[in-house]
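Chain nomenclature is as follows: A, B, C and D, assigned in order of appearance, with residue numbering initiated at 1 for each chain independently.
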Amino acid sequence: MMKLSRFLNSNRNALGKATDVRDGSALHALTFQAGISTGGKSSIQDRVFAPYSVFKGKAALSVEPVLPTFSKFGSGNLRVDRRGSMMLTFLPAIGERKYDHEKRQKFALSATEVGSLLSMGPKDSCEFFHDPSMLSSNAGQVRKNLSIKPHADGSGYFISLSVANNILKTAERFTVPVTTAEFTVLKTACSFALPHIMGWDRLTTPVPGTLASKLSKVDPQMPDLEWDK
Amino acid sequence: MMKLSRFLNSNRNALGKATDVRDGSALHALTFQAGISTGGKSSIQDRVFAPYSVFKGKAALSVEPVLPTFSKFGSGNLRVDRRGSMMLTFLPAIGERKYDHEKRQKFALSATEVGSLLSMGPKDSCEFFHDPSMLSSNAGQVRKNLSIKPHADGSGYFISLSVANNILKTAERFTVPVTTAEFTVLKTACSFALPHIMGWDRLTTPVPGTLASKLSKVDPQMPDLEWDK
Amino acid sequence: MMKLSRFLNSNRNALGKATDVRDGSALHALTFQAGISTGGKSSIQDRVFAPYSVFKGKAALSVEPVLPTFSKFGSGNLRVDRRGSMMLTFLPAIGERKYDHEKRQKFALSATEVGSLLSMGPKDSCEFFHDPSMLSSNAGQVRKNLSIKPHADGSGYFISLSVANNILKTAERFTVPVTTAEFTVLKTACSFALPHIMGWDRLTTPVPGTLASKLSKVDPQMPDLEWDK
Amino acid sequence: MMKLSRFLNSNRNALGKATDVRDGSALHALTFQAGISTGGKSSIQDRVFAPYSVFKGKAALSVEPVLPTFSKFGSGNLRVDRRGSMMLTFLPAIGERKYDHEKRQKFALSATEVGSLLSMGPKDSCEFFHDPSMLSSNAGQVRKNLSIKPHADGSGYFISLSVANNILKTAERFTVPVTTAEFTVLKTACSFALPHIMGWDRLTTPVPGTLASKLSKVDPQMPDLEWDK
């Protein structure tokens, strides 16, 4: 088991001083680790690691958009192949500013779940249930439950993830308190990311003068007109 | 008649398990069908199919921006040829999680109508009337009416489309209840899309060092100055 | 004098039917005219004409961002040469759905004035004064005054422009009522355009592996660090 | 010492008239100076100078995003190397519309501190403390304190920076009153800039048909799936 804490410790020795996870280099260690542990599967793909991370006493929460994938069909058209999401990753603390990357758990917010988060007022709460094996024979064996609940004094929220795994006979729970400032970053960043995880940033107009636009003049009745059926 | 339901059924057989339309592959089936049925008209154009879809008991609603088209005039200038819109597509349910793609009806929200939607508070409602044949001899023969009305308990909205066609002697009505979370996705995505359907994402600055910027120095009085007439 | 109305009339004859200015082709006529009348000055530059236009009984209002211009200095750095603005163009009505393009008046909102507009609640008003000749010997000869005032019933705003020209001995006043929906389009579009008229969309990161990023490693103390003086 | 005031004075002589710092050319002088004084360190890098500046009686405040830097790791992946920020630069006034560029002080808002600013209502205040030497032997020697406090009448905010330097035995304080309109520009521009300083604008989807997307089909289990550990 390769723990992030070990990496942070060696990092500390190398620099000859204490390392705060809020410092840039520790963040890089965290994302670097993530890169190594998953890199084996898709090492050719250019990926950008730029999570927004909140490090708290009992757990850390890292948020990052996952963009949709597209596939071609017909003569050059694209359709969404796998829809994007906002990926929340929780890591348990195993000491002061040490988090266990091996024990991380993930929860992928869909576009509509992001809409729930965006519509939350300071006293609102919300809760989502996921079954990662929903359509397989393991349906119901793993249950994930994400809840966002306001602090009593309105100064932020508790974001909690529970994972009950009947196969491994495990039950885990992570709770990360986030301040209003941190939640505002999440909302603003999710609002930016939402059209991207929906694939709407890929919609393009035919440029005048190209073959496509000339052909479209042969039949000016474009397929998207309101009265077209 | 090629119904979506048939496609979903075959999909179901292929996978050997029940298919939920909320699952990614069913969404692809839906957009794939859309691609086939309209592809004959503009098959050369690269189009991206990334609708935001809400599947409910009696009907489904699918929303997607339609970007404006531009044409050239003068020496390289562009003007908006056909203005963009937010296209709403309604499909009636014909069984559990089966929707009839052949009976779909469309309603294209203009930029100002998108402004109405964006300005709606939780208790507001709005209503739009369209006549697709407004300027032709068929004016008044087809009447479309879109209404957005809040749930009594403030938990979302009913989005309804009525289409009365005097020529075909038909009258159809679709009602899709959307939750606050789904409506927030619509608002956030429409807010992102609005400048795009207006064509404002195409406005560009001359890059220093190019011919255009050099010529503009010959006459520093640019055409857009406030006191220029 | 070439009036837009004449163009609209000929357009009407050509199509053999009434032309509503809300129809796409009339909008094109309007922007097309704008292109012709100013094209003589900067005909080489690729410009995109995509104004958001509101046509009302006594006047029309057309809004469009004007992007900043940049110039180079040092070894490849760019600075803002002329700051961008939101350009408001008013045209008086000279008949039913006919607007006199020759008598148009412009008012360019600065970034901070756009901030005023964005911060307006439904009962707020604001007012701006411009002197296009502020720093010249004609200072005080032309005075422009833009005011935005809420409707008594909260259903929108009156946007008015007064232009008093002491040299030409003229005084003009345009008032365009805009609905809440139209004002929401303006706010959403201005919010999108603001970073662009400020030039913030041009800020870029050095790409790893390029000369610039290698050189920056020679001196890791980047110029923008907080403790750099 | 090369003061901005001297530059403005010569500028004034050259133009033969008074120069208002709100005028474009004076703004350029300001950013131009900034370019010269820091250019020696990174003169090869293309930088864009487009600060949003507020010039007031006792001090000026200039705000500009600083984008993150990335480094490569593994086979083409990118990670954030130094996180971005919103850089606030304060300059003391040394006469009517004259600001001393040499005596400027900077304060870099992190993403979460930007979240605090974005979540502020008209009566809210916030305060941040920075120690630029936090992790070095000089820790505690320089203390920076930024506060944002509302005007009593709700018409804007006071933005103040205090810098106490125990090494140089100096203590400086800058206070810039900003109007609601100016603060709205800051909020809107920070909201635009936030995903950029987080590096989220660099997240990209593999394009269908490329090597990366083909390889990802060999192992359809992408690394970001929720149930991937």
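In the analysis below, a contact is a pair of C-beta atoms (placed from the backbone, for glycine too) under 8 Å apart; a residue touches a chain by one contact, two chains touch by 3 or more.
Keep in mind that this is a model prediction, so the values were computed, not measured.
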Most remote chain, CA-based centroid, reference being subunit C: A
Interface numbering overlap (same over half, different under half) for subunit B and subunit C: different
CA centroid of subunit C to CA centroid of subunit D, Å: 27
Centre distance in Å when subunit A and subunit C are each reduced to the mean of their C-alpha atoms: 38
Numbers and ranges of subunit A residues touching at least 2 other chains: 68, 70, 78, 82, 202
All chain pairs that touch each other: A-B, A-D, B-C, C-D
Subunit C partner contacts - residues on subunit B that touch it in the complex: 68, 70, 73-83, 111-116, 118-119, 135, 191, 194-195, 198-200, 202-209, 211-213, 215-216, 219, 221-229
Parts of subunit D lying in touch with subunit C, wherever the complex brings them together: 17-18, 20, 23-24, 27-28, 31-32, 35-36, 38-39, 41-50, 52, 64-72, 78, 81-82, 85, 87, 104-108, 130, 132-133, 142, 144, 179-185, 188-189, 192-193, 196, 202
